[in-house]
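In what follows, chain A forms one complex with chain B and a second complex with chain C.
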Partner chain A sequence: MFPIVVERGSSKHRTHMMILMAIVLVILIAVAFILPEYQVGRVNRMWAMAIAIMGLNLVLGYGGLFALGHSAFIGLGAFVTAWLVQDLRFDYWMVIPFSMAASFAFGSLLALPALRIKGLYLVVITIAVAVVFPSLAKIETFGIAEKTGGANGRIIDEKVIPTGLGKALGFTETEPARYRYFLIVAMVLVVTFAVRNLLNSRAGRAIIAIRDNETGAAVSGVNLVRQKVFTFGTSAAMCGLSGTILALDKGFVAEQDFLFPLAVEMLVGLVIGGVATLGGAFIGAFVIVFVKEFSKNVNIDFGLFVLDGKGPFSALIFGVILVIVTFFMPRGIVGSLKPTFMQRVYRIDPKAPPLPENLTRLS
Partner chain B sequence: MTLLIQRLLDGLFNGSIYAALAVAIAISHRATGRVNLAQGEIGLFGGYLALAMASPAASFVAGAALFSNLPGHPFHLWISTLLAVIVAAVLAVALQRALMRDFDESTPQRALNRSIALLICVSAVISSQWGTRGRIFGELFPSGSNDFVSVFGARLRYTTIGAWVVVIIACGLVTLFLSKTKAGLSFRALTDNRASSVLVGIQPKKLMAIGWGISGALAALAASLAASMSLLDSSLMFRTLIYSLAAVTLGGFDSLRGAVIGGIIVAQAQTLIPGYLGLPTEMSIVAALIVLITVLVFRPWGLFGQRPVERV
Partner chain C sequence: MSQLSVRDITVKFGGITALDSASFDVEKGQICGLIGPNGAGKTTLFNVVSRIYDPTEGSVEFEGQDLLALQAHEICEVGAYRTFQNLALWKGLTVLENVMVGAHTTTSAGYWRSMFKVNTKKEESELREKAYGVLAELNLEDVAFHPADGLPFGTLKRIEIARALIGSPKLLMLDEPASGLTHAEVQELGSVIREIRDRYQLTVLLVEHHMKMVMALTEKIVVLNLGRKIAEGTPEEVRENPAVVEAYLGSSK
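So, the complex of A and B:
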């Protein structure tokens, strides 16, 4: 029975892929209707985190640049969303290109020092950016604090509720999270396929080549400057999209939501799921959101030592998970299990090259 | 002019703390080749221990009751600080042995991940144990309104002088250890050439633990000094860590002298740039970041570091 062996690109392989995609789609749709409304809201947050983690993965996993400042990009996306929707009265879907563009620009800007600064130094600078960003959102100059809501946060009163087509499809205004779920899942699918195709494209190969050997990549004709700026920018843009989703889904932005711990959470999610794997982002996002929800209701009293669910507890669990994963599963869940799965259960063999004409087949 | 001198002198106090933590980071980096992002939190744990030891058992400080059976409790603040420094060193060694021992040249990301895990774990333990609000630590040096030396009309406070004296003594001891003892010699050899020093019989495991111990002690000292000036709160050392990382990066990661000078530069940038540009105090970290990026773009290996040479 196992392993099932297929040839890459054969009709059998394609059929299997179609079946797999159909199953995934059915599950995605089923989740929205099985879970109660408030749970769907959490799942929405999970999707947003998954997009952000995929963005981080692009820089950290595939690009090999250890950057820890991605909470700033999420925050920028969220603040741009709040500003455009509240002050300039944009429709929510029109915000997306702008928040992505803003984050892309910010990310590209951060990539400029990254061109010269590597390794540890880049870690330091990106941590500093993540720490600086929330206080930047609070400063009074240029009216930034008014636009972002400053220390108090800002309510986005444009609600994403079903209109026109959404209503025609049977969504009701009393269950907006379920409606948003489908919009978000559509975006997640688009982003996932975009990243997958990017990694298989010339640009993606260049990103990985730079990670593996920068000098070698440069010698092979990769434009380091352009490629690094592009990687950072794309990664930031994905985080910006995630920020927009988070802001619109919650209906509220505040700088406290984009502190350094958010960047750590993204890193934890990425490492749990598997660095430089596509599916890892989803597992990581699931673990993060699940642990945070679970730890909200925890209150353990060890007598000497009290743990409550206010935040320290989830941080403690994240820390312990991160230690365990780095010890026993350094490549993450997907990174460790996928090779075994592809060997034992479902094997894709490369297509055999055609034999030269003047050779006769042996045997 | 007086204002300039006053700002320079005010910056000096922060400079001493950044210098202490920066030296701690540099030492553990020399020992393991990895930056320890949890350095500040280990120090902060020491700071809270000092507070617990110096508080009477009936106070609201968690852990104070633990030490109430020891003779002479509550201790004088200086004694409890020294004890806490020792405990922090032991804790750092234990953490190094438990979590960071499987050092591997090929996995820098994994070591960083683990130090981040340590950072959030220790931070979570501290904030769940001692809460997030600031606590009065007490005075390590006289800090009344008249306790200052006048320098060209500006006030050089005793706390600043005292902090620098402590930091210089601590750094002097570390330098003595590195230059006069056998362990210090092998420590320097290890930094210089890891592969060769292992071949001549130096045990990196022992030295890595020693490095972490020294850096844990220095970090606890930095936390106590910082807390004696303001309040002890759970985010105190994370803020300091950012500035100290900037300082140690400026100094070039391995150089102790560079770390101290980097600490002074960062602290001065933090006071002077927002002061003269009229920016709010929250922007002081931006000033540090700007100095950091500027230096790194022109000297990516820091002011005192060695230029890395890579063989292709």
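So, the complex of A and C:
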């Protein structure tokens, strides 16, 4: 029976994929109705982090560029959202293209140092950006602090009033997270498929080629400057989208939400999930949102001593979980389990294209 | 007029002169060997022509076009492709994908089109077929879906040749293709290079240490020593040139 082996593109493969998609969709929809409102909010946060981690993965995992300042892109997306919704009265879904565009521009700009600088030096420069960014949000000139809320933060009091279909399905004003959930899931699906398509295409192969051997990529005709700028920009745009989701979900933006530790958290999620794997972003997001939450609820009575996650030990418990996972799965959860899964459970074999009719082999 | 014309190329790295006013021409359809002892500047010259290094002085023209005005990623647009002595394959991609990237300039799907699969299906499947065909020509289709890593060195070298061939080069620059190969593989490689030249009507510029192969394969040889050109001519002429003999064997004086 196992492993199940199918050929890529065969009718069997397609049927399996349809079934899988159907199951995933049912689960995704069910989550919104089964979980209580505050948990749906947390799931939304997980989706937001998954999109952001996927963005980081594009630059770091597939592009091989060690950038560690992606908290700034999330922050920019969130502030643009606050500004557009509060001052210009945008609907929440109309904000998305603008926050993505702003982050794309910012990210492309940051790609410029990455063209010359590599490895640890690029890490330091991107960290600098992440560290400086929250302070920039507090600058009084140009009315920046006014738009971002400065040091006090800013409430986004956007009211979700379900109309039409939303109303018919029974959504109410008191459940904004549940109402937004569907748009967020739709965005997650679009982003995931876009990234997957990208990685299996001419542009994606060029990104990986630059990572594995830059000189080889250049003499094969890959424009290094353009590819790197686009990779950085796309990655930042995904983080901008993530920032919009986070800001709306929390209903509040403040510079202290986008400090450097957020970038580290994303990196932790990426490494735990699996660098350069598509599914890793979701596992990673789950870990940094739910496992972290779980570590706060741990309460083990050792008789003499109670290990209580509510106190300062929550970070310790979370840390121990991370250490154990990385110790047993050094290439991340997805990266480590995938080979075994393909060997034992399910594998898609590539389909060889037809040979040319007038093939003459060289000796 | 010759197809590739290298004029007075000088390359200095700090105080070291790697190439000192080297000039030579390669005719269309020729297999031209570039030889010399270690440190002669052969690979440096290759890197200048493929635009990885900028020369301090001199000019390189390919079919009347100034190559030095181009960037590294633009030289394959004029039809110049190269391979590397120590391989420059991409381990994260399969062998087939490696060859597909070789045709980067002849395909067009950009970022947005790739992401949302706008009008890419035909191009992608044609590219796959073409890459598979090129691999089959070099008898490599069995490893098409293997990562370009952990295969025998000779196979990897052939994959690099396939990657260059898919772009329909006019000039194929091979940097020590025989290094690390077994005796049998070297002989096979020699005939493959000649067949490729005949079939694709291209010019081959070959850096090689394997003298027997160079002598048997090339129509013209340029000899470099310590950055200078010391001889040029047919294999017979070069073999009898006293300066070449001295560079390789040392003089008795």
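Note that in this section the second predicted complex is superposed on the first by the 313 of 363 C-alpha atoms of A that agree within 3 Å, B and C clash if a C-alpha of one lies under 4 Å from a C-alpha of the other, contacts with A are read in each partner's own complex, and residues count from 1 in each chain.
We adopt the following convention: a residue touches a chain if its C-beta (ideal position, glycine included) is under 8 Å from a C-beta of that chain, and two chains touch if they have at least 3 such contacts.
All values reported here derive from a predicted model rather than from experimental measurement.
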Which of chain B and chain C A:Ala78 touches, first, second, both or neither: neither
Mind working out whether A:Ala32 is in touch with chain B, chain C, both or neither, as first, second, both or neither? neither
With the two structures laid over each other on chain A, which partner does A:Val185 touch: chain B (first), chain C (second), both, or neither? neither
The answer to whether chain B or chain C touches more of chain A is B
Answer with first, second, both or neither: which of chain B and chain C does A:Thr215 touch in the superposed model? both
Could you tell me if A:Val287 is touching chain B, chain C, both of them or neither one (first, second, both, neither)? neither
In the overlay, answer first, second, both or neither for which of chain B and chain C A:Ala111 touches. neither
Which superposed partner A:Leu267 touches (first chain B, second chain C, both, neither): first
For A:Leu246, decide between first (touching chain B), second (touching chain C), both and neither. neither
Return first, second, both or neither, reflecting whether A:Glu140 touches chain B, chain C, both chains, or no partner chain. first
Intersection of chain A residues contacting chain B with those contacting chain C? 213, 215-216
Any idea which chain C residues touch chain A in the complex? 50-52, 71-77, 81-82, 84, 88-94, 97, 100-102, 104-105, 107-111, 114-117, 120, 123-125, 127-129, 132-133, 136-139, 141, 144-145, 163, 167, 188, 191-192, 195-196, 199
For a test of understanding, state which residues of chain B touch chain A in their complex under the given definition. 35, 37, 62-63, 66, 99, 102, 107-110, 112-114, 116-121, 123-125, 127-129, 238, 242, 245-246, 249, 253, 279-280, 282-283, 285-286, 288-289, 292-293, 296-297, 300, 310, 312
For the complex, which residues does chain A have touching chain B? 60, 66, 68, 113, 116-121, 123-125, 127-129, 131-132, 135-136, 138-140, 213, 215-216, 260-261, 264, 267-268, 271, 275, 304-308, 311-313, 315-316, 318-320, 322-323, 326-327, 330
In the complex, the residues of chain A that touch chain C are 194-195, 197-198, 201-206, 208-209, 211-213, 215-224, 230, 234, 276, 350, 352-356, 359-363
